[in-house]
Amino acid sequence: MPAPLVTEQKLRFCDTDMLGHVNNAAYAELFEAGRVEMLAPLGLLRGPHAVVIARLEIDFLREMNWPGEVRVETEIARIGTKSMHVRQRLLVGEDVTGRARSVLAVIDVETRRAVPLTDAWREVLARWHIPDDNAA
Amino acid sequence: MPAPLVTEQKLRFCDTDMLGHVNNAAYAELFEAGRVEMLAPLGLLRGPHAVVIARLEIDFLREMNWPGEVRVETEIARIGTKSMHVRQRLLVGEDVTGRARSVLAVIDVETRRAVPLTDAWREVLARWHIPDDNAA
Amino acid sequence: MPAPLVTEQKLRFCDTDMLGHVNNAAYAELFEAGRVEMLAPLGLLRGPHAVVIARLEIDFLREMNWPGEVRVETEIARIGTKSMHVRQRLLVGEDVTGRARSVLAVIDVETRRAVPLTDAWREVLARWHIPDDNAA
Amino acid sequence: MPAPLVTEQKLRFCDTDMLGHVNNAAYAELFEAGRVEMLAPLGLLRGPHAVVIARLEIDFLREMNWPGEVRVETEIARIGTKSMHVRQRLLVGEDVTGRARSVLAVIDVETRRAVPLTDAWREVLARWHIPDDNAA
């Protein structure tokens, strides 16, 4: 039964900016923290292949303030031939503070060109695969 | 004749990550650098009002590598009642390395609620207003 | 019996740089994360007073790699009239990866000038006060 | 006639923190930006050797505020057998906002062990070598 990968992150003081709240780029860092925790066990961050991000969409739903702990939920929305779509949420307590959708491609580190997703990767990714129609 | 606001930024060594290139969160930082340079003269980063970001979409078109200088072009795509849409590009030399679109709202710092864009702000924003139909 | 304040932090992917390991500025962020967790309950990060850092010394003892969890230990080494010395360690598992010593001053937010440490602050700080002669 | 290497950096909005000024970790990033600009032409950031930082001391002399441009001056204070000492200053306009001293070692990327500085490196480094006795 596919389920989101959950990772706990901690806000850092330097995530804040002069507006007093957590800066928007920190949301991008926290979403990335969730994605890489999913991809690392696939060997997709070291070795002959690497995952690159092609597109990132973030909805900033609520301000976040330091101090705080953030729960990052990461799911695979779509597994394509050479790319995958990732759906994510940030939560502080019960509040959803942000949502993201990203498109990732796997490249050959030498040639920097996209390569097809292997069956082995697909099999692992299926663990977190919740198609858009089934998403909460 | 409206034109993009152009700001020059410099990549930092710490913008890179273990994949050897500039990390995706640094793109978010560079796009923000362009937006705030537009908003600061309107008094929208200090004082009773603040601009908050509601949505950010980034297309990562090319990897960037350290060292490098980045040109950030920022335009207003749409001026609404309580929000504005911003269109941006990152360039390294002639290469467009990223595109972004963001939705910004102005809030009252005390109440944290969105307020309508004033005529004074609209007048200044018009300087960079290139509607989507006219965009390059 | 004074003891270090312990805070757990998590390395982020974007803490790494193109040399493959955690960037030196991330050490500074992690040490700060420990200090502010000590200072926040004293009301020294919001309100009429703020803590500013006057000096920071870091010894980088071992490289850190992503992924990883970091334990930050923070102690007060010396409580002066208008400043305090903070002694810190970073640990990954049993390995001490960094040591830091910093000098902090409390300023009046309006005047930006240093103010004497009050007895109330001293009393709280005593909880973590391990003079240099007694330090491990 | 040795002289400091000068590099111009630009403060980013996200360099600020909730205290309203530039965060201390950004000073570390800016000092690093100066050092790596010196080391890159020596081939010490890619290839079989890498420079690692063993110690960093920063004196925070003045707050910095966004927006702003920063001038980073970097000099070699001492060239040892396996390490070098670097002396740096940050300036905003005429104001010195920070000073740093760092100890760098060159390691073999494979073995992660320090290697002696070669004569070729020493020759290049001499261009910026201002011994402590001669420093301003």
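Chains here go by letter, A, B, C and D, matching the order in which they are written, and residues are numbered from 1 within each.
Simple rule for what comes next: a contact is a pair of C-beta atoms (placed from the backbone, for glycine too) under 8 Å apart; a residue touches a chain by one contact, two chains touch by 3 or more.
From a predicted model like this one, the values you see are computed outputs, not experimental measurements.
Chemist: Please flag the chain sitting at the greatest distance from subunit A, going by CA centroids.
Modeler: Result for the farthest chain: D.
Chemist: Between subunit A and subunit D, tell me the centre distance in angstrom, where each centre is the average of that chain's C-alpha atoms.
Modeler: That gives a centre separation of 34 Å.
Chemist: Could you please state the distance in Å, as a whole number, between where the Cα atoms of subunit C are centred and where those of subunit D are centred?
Modeler: 22
Chemist: At least two other chains touched by the same residue of subunit B: list those residues.
Modeler: Residues 13-14, 18, 23, 25-26, 29, 32, 45, 66 of subunit B each touch two or more of the other chains.
Chemist: Quick one: do these chains touch in a line, a ring, a star, all-to-all (complete), or other?
Modeler: Complete.
Chemist: Give the list of subunit A residues in touch with subunit C in this complex.
Modeler: 8-10, 12-14, 29-30, 32-33, 36-37, 40, 45, 66-67
Chemist: With touch defined as at the start, can you tell me which subunit A residues reach subunit B in the complex?
Modeler: Going by the criterion above, the answer is residues 18-19, 23-26, 28-29, 32, 45-46, 50, 52-60, 63, 112.
Chemist: Which stretch or stretches of subunit B touch subunit C in the complex?
Modeler: Interface residues on the subunit B side: 13-14, 16-18, 20-21, 23, 25-26, 66.
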